[in-house]
Amino acid sequence: MATFTRPDTLKDQITHYCPGCGHGIAHRIVAEVIDELGIREKTIGTAPVGCAVLMYDYFNVDMIECAHGRAPAVATGIKRVQPDKIVFTYQGDGDLAAIGTAETIHAANRGENITVIFINNAIYGMTGGQMAPTTICGQPTTTTPDGRGAHGEGGPIRVCELLSNLDGTCYLERTAVSTPKDVLATRRAIKKAFENQIAGKGFSMVEVLSMCPTDWKLSTQKSLEFVNNDLKKVFPLGVYKDR
Amino acid sequence: MDNQATYITIAGSGGQGIVVVGNLIARACVIEGKNASGWVAYGAEMRGGTANATVIVSQEEIACPFVETPDMAIMLNQPSLERFEGNIVEGGMVLLNTSMIQRPVERDDLKQVFLAATEMAHELGNLKVANIVALGAFIDHTQVVKMDSIRQAIGDLFASKNPKMVELNLKALDVGAANYKCEKVKG
Amino acid sequence: MAEAAVRAGCTFFAGYPITPQNEVPEYLSWRLPQAGGVFVQAESEVAAINMIFGSSAAGARSMTSSSSPGVSLKQEGISYIAGAELPCVIANVQRGGPGLGNIRASQGDYFQAVKGGGHGDYKLIVLGPAYVQELYDLTMRAFDWADYYRNPVMILSDGILGQIAEPLELTPYTPIVKLPPKDYILTGCAGRTPRVVKTLFLNPADGLVHHNDHLQEKYRRIEHELSLCEEYETADADIIIAAYGMSGRIAKGAVRKARRKGLKVGLIRPITLWPFPKEPFVRAARTASKMLVVEMSCGQFIEDVKLASECAVPVEFFGKGGGWYPMDTDILEIVESMQPCRSAPCATRKD
Amino acid sequence: MANITFDTHRCKGCGLCVIFCPCGNIRMSDVLNEHGHPYAELIDQGRCTGCGLCFRMCPDTAIEIDRKKTAK
Amino acid sequence: MATFTRPDTLKDQITHYCPGCGHGIAHRIVAEVIDELGIREKTIGTAPVGCAVLMYDYFNVDMIECAHGRAPAVATGIKRVQPDKIVFTYQGDGDLAAIGTAETIHAANRGENITVIFINNAIYGMTGGQMAPTTICGQPTTTTPDGRGAHGEGGPIRVCELLSNLDGTCYLERTAVSTPKDVLATRRAIKKAFENQIAGKGFSMVEVLSMCPTDWKLSTQKSLEFVNNDLKKVFPLGVYKDR
Amino acid sequence: MAEAAVRAGCTFFAGYPITPQNEVPEYLSWRLPQAGGVFVQAESEVAAINMIFGSSAAGARSMTSSSSPGVSLKQEGISYIAGAELPCVIANVQRGGPGLGNIRASQGDYFQAVKGGGHGDYKLIVLGPAYVQELYDLTMRAFDWADYYRNPVMILSDGILGQIAEPLELTPYTPIVKLPPKDYILTGCAGRTPRVVKTLFLNPADGLVHHNDHLQEKYRRIEHELSLCEEYETADADIIIAAYGMSGRIAKGAVRKARRKGLKVGLIRPITLWPFPKEPFVRAARTASKMLVVEMSCGQFIEDVKLASECAVPVEFFGKGGGWYPMDTDILEIVESMQPCRSAPCATRKD
Amino acid sequence: MANITFDTHRCKGCGLCVIFCPCGNIRMSDVLNEHGHPYAELIDQGRCTGCGLCFRMCPDTAIEIDRKKTAK
Amino acid sequence: MDNQATYITIAGSGGQGIVVVGNLIARACVIEGKNASGWVAYGAEMRGGTANATVIVSQEEIACPFVETPDMAIMLNQPSLERFEGNIVEGGMVLLNTSMIQRPVERDDLKQVFLAATEMAHELGNLKVANIVALGAFIDHTQVVKMDSIRQAIGDLFASKNPKMVELNLKALDVGAANYKCEKVKG
């Protein structure tokens, strides 16, 4: 460990994220890993529709901005055509686990050799705080003013657990960015997820529990607590698959 | 410009509560029995970017709900000023949030009102009420609607959501109304 | 719009968040349960439109709402609903396209709404409101017409109208037409033979052709019975502006300004976009010497204007895509420049 | 002792660094930057251990730490 | 057990199914259960797109024919509007687990109080024998002439296992119709799945391994063997959830 | 079509089974890997079109194929691809609609293809082949035009052409135009600045408007450069039949029969449906006294015929939806009945 | 002994009943029905135990068994 | 009807191999250098329902690829006969699969050919070759193309898929060609 500076893979751009948003931390981690593995020039990233839609302005790699939820299909198209490139998706919970459910499950099931970074902030950030598939029971959102579950919305989907049933998945881990230790674990996991792709091992996903102070309507401090006390309870951290 | 109508543009960054200001003026109009139309344009889908709202206060039916050349403007940050300065009608007025705008207006035909809205909001303990601080100054200065109508509108708008906010916002309104500087037209 | 829906007896809403129409589901998420209805945030627009397919077949006044990319995803479902002749209301708060585009107001989905973005020969009743009050009133009417004709109704709005704050009179709902009993809905077959709601027609071999004939006949009936249009200062107008929705409203401001300057300008603002109000255009083609189409897209609405006026008057075009909107002053300028009568035949931006 | 710098233009004032600095060595400014955010400031350069926790938590890469200099 | 006759819920119609097709058996079982529970007059069924698309011609209940894969969404619309009716879907593997993945998972996750009959024949029957999401590894189809898995198709999706991760699911069982004993077990399971709905317990699904001699290009006898020897190995029968 | 695609250098196909086009993916599932390409059976049409979005951005000549309901599901993706200016070929083997409809051949998706079933102002190059050989040849051209204009190309076929067995000469592929280098594709940014493929345009505020202007300019260029049309016996024709694809082919049989009877009948069969070949219609409007539109739908193609001929000649209509197709003998009968020149103005079935 | 009838019009000749009859009491016809299918026939009414396995496996409800009669 | 063209309709139920028959005739034409076009219409998406194919053999370019009034017809089941009997041109011919058609043709202007194709196929051990049996009879009787061309077409079509099938199909062809009855036109 020499210096702590912005990784080369991140452009010198101020992001549009809100203060205290987990996307910024996750971006830096992904960029650091790409730097460390020396794959920046052969990486192709896919931006989701969600708060991270503009990430192509921040990352110093080739990028494509996909339709909402379809990044795994787009990544499939890219990776199959250029199998020697490193292809990753970066998706929110609405993108990956609601509208993109089918694309996620089937890319995983095919064992597409891609890396999926899944930012689970339990809310639709970009559109202003509606219920996400990962919103936890009782959590109020703009479309569940009485808290999720009051009107037949069901409970949160645990994506790592769900995907662990599919033979095509190679590596699934859930981490967080709500403490420095979690940040380190996330970095380790994301690195591994990229290394798996380099080794041709198949579908790897890291689910990152992340803060959205704005749409949770919480302060920075309270946002951390929400992740650490509430989200981690519903979404236990750990490795769900590794083969 | 239609003679009967007053056009107001409010501009700032996405999170600065542009919508609320426009909404409050429009509500105040309705309270006073005037025609009003408020409209907001966003930059990005939600986060960041700039936003601006147009409020039209009029006696007749409002056809075009926005205008290129407003009579009055509330500028909450620097990029907004860059964008809208040239558009304001000759002899119009502009309110500048000096907390986030480094320079005065370049044109010399405009009436200018200054206040450090964001800093005042910071002192009030909530950066988010900078918009209301600015609104207080704007209404006090221009009297497009009565201050009482605005107070009533604030009550209507926030009471259901969060009664505590009513109080804070009314306070912000007062702070703004009491703390602005006004510069005469040079020309 | 959301409140109008509730008052018109809408008891089922399914939607997926998308800017700029999130206010609708957010409002309905608490208002509908309060009113005894059901609000479902669907997993996608595809699921939402299919929930509407089900809820409408089960007899509920049903509504979904979205914005351009989301409405594209609903096209298969819309074709099914139209084919099965189920009533429902679909709102499209249009934004800039193509693709993700932006969230500025646009009228770029006109063709999709009016010609049919889904597959097969079907028609939606399409309404293009320009004022908040009109949006409110038409929403109520939309439910009535949907039930009356057993046809989906689309409210083709745009991001400006979606974001505008205007005073609104919350008039109570009364149905405008005597509605036929819903004798096709699925309620369980107690005391009657089972019913089937479907769009598959295999038997006899040309069943689907008959079904299409039946649909076309219904569409002709609707064309005959339904037509809303605002005409403003058209009687003596030499130049007729044709525009709908937000651009129609802005154009009205331009007409007002032109008249103050003594120019003989009028406005035809179709409110039903399908059926397209032809009659005012036929009349205008007789009296006016020119038309100007104003739309917040690159030349979609203009085709219907030409067809309605049978290309009898030269038509000029003022429009752009991608979230652009015209200013009344720009329109005025164009109208002024059109004054010296040029003799170009049916001139449009495209030729 | 590390050479640590805060970029007041990038900082959005979220306070994550303040929360996680084990030395309580960061505070928020009283004034706002050009984007309207208060920004993080080091209280005492000398007390900074160069642990990097603030860097790790900062969503806006507003912090730079040069540990080589520390090593000197 | 008195007489063995066609249940009232089945019309006196000759079906369009091929000789030896499992759909016919599954139809009869569903119809028998509806008869037995006496719910025919309050049942609303949804037909899929697949070989069973015409089932509305065979069942003596109110039915709606849905777009391919969307039956769970359609059923949600119906059930929410008429919660006192009994609503079931009947779907093939392509319908439920490919194009309808998202609708299936989210209806299950919401815990919609409906009954899902899932006919898994490991093939796209109606369209002429293309690979299904449940096609097993090595199985040749018209779109996997070299057997599934040779060109990155991944392996079969095990739907019961997948859905068992979702809190909204109440009852999940996998059965078959390839022996009389399996037929009885299927009947028991389907009955329970309807009883759960009557009791308001939420989402119940019975996955039925079924024969498609035509598109498997196998004789009746060999089709049975394929189910009993091959499919059951990949898709173990049993209860996956019951609460 | 499938073989033409492979020969034209198509290296990526993604599709989802649907009758009547299953022969295409089934063929490609073994042929493409053999030729070093990639075949993916997607989980849905939505996924398929988005795989194409990716593979095209990665530089592969890409194709997907489906039939009506499946094509409706692709509309969002098509709008994205058009917005991002990615080349690809999309085949729609049309069947009867709306809804599930049936699997008989139809031309009911004309509007969807030509006007835009997705959101926003975009255009597909749309080709309407009528013969197996033409389908083969146009498929090769489709890949060229897609690359040349960086625009999706749709092959609007139908279930009859999809099922027909005709002798076919497997001509080798040679590109017809010099193709520009693909300097936009994503290959990793080694030795250059990173590239972005996107459809979101936020900054500066009117970026999307500029982008739309750019697209419209491209579309005008394509309109200017591209136009294919078969004219048959039109020179001295009094009655012009306008029809495309399968109905155009059938109409040709009718013209042949009519000519044997000495009737002055001709045929205009547009092969590019967008850009629509206007010139032959303008000419025809000068020489013919009447037109007859024949289409296997309820009145879609007719609108373009009217617009192209500027409503200058009365147009009659012969068409139905839902899998109906005309017989040459029926067309002949109508043409015969049209002989005594009636003076109805612009008469159509719809009026 | 049960009263069992095969509906030759409904039967598609799949042979499932033949395979599963524990008594080997069902065979396929030599002739075809109007749909072109050979159909199932009982070999010996007397040997049928009325177990219902054939009914249970028949996809086409082409078999009817009346066990009440058996009880007689 | 164009004088140069012969129109043939083949009809039966979905699984009866209508496509294959049409395909074989069309291939035989190509072998003989004739223009041909074959086209199939299905009922349901795949299973059940009826199917019919039209094959046109012609000297000139084929415009309309189907016809309402065929010159010749192969009817493999009863519903097909019901549907197409009225359409055949006056004095045309029809081949009937008596295994699945209970009655002769009602019109008295048609040449009729009978054979129990399905039963013969049953005897050959595979119900699926009933179509080829019928084809054998049809070609032998009408000579629209040479039997050798059909044999070659069978080879081309099945060899790649399943060589065993070539043999079975050729045998079926022979059986059909050898075992039909022909009834003279009554009128």
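Letters A, B, C, D, E, F, G and H mark the chains in the order given here, with residues in each chain numbered from 1 onward.
In the analysis below, a residue touches a chain if its C-beta (ideal position, glycine included) is under 8 Å from a C-beta of that chain, and two chains touch if they have at least 3 such contacts.
Treat the numbers as computed from the prediction; the structure is a model and nothing was measured.
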{"item": "Intersection of contact partners for chain A and chain G", "value": "E"}
{"item": "Interface ranked first by C-beta contact pairs", "value": "C-F"}
{"item": "Chain A and chain D: spacing of chain centres that average the CA atoms, whole Å", "value": "26"}
{"item": "Whole-Å gap between the CA centroids of chain B and chain C", "value": "34"}
{"item": "Centre distance in Å when chain A and chain C are each reduced to the mean of their C-alpha atoms", "value": "38"}
{"item": "Residues within chain E bordering two or more other chains", "value": "15, 17-18, 53-54, 65, 67, 80, 98-99, 101-102, 105-106, 126-128, 133, 152-153"}
{"item": "Sites on chain B at which at least two other chains make contact", "value": "44-46, 49"}
{"item": "Contacts with 2+ other chains: residues of chain G", "value": "35"}
{"item": "Chain A to chain D touching residues, read off their complex", "value": "1-6, 10, 14-15, 17-25, 27-28, 177, 179-180, 183-184, 213, 220-221, 224"}
{"item": "Touch list for chain B against partner chain D, complex", "value": "13, 16, 77-78, 99-100, 102, 118-119, 122, 127, 130"}
{"item": "Residue ranges of chain B in contact with chain C within the complex", "value": "2, 22-23, 26-27, 29-30, 35-42, 44-46, 62-68"}
{"item": "Chain D residues within the chain B interface of the complex", "value": "31-32, 34-36, 38"}
{"item": "In the complex, chain E residues that touch chain A", "value": "80, 98-102, 105-106, 109-112, 133, 152-155, 157-158, 161-162, 165-168"}
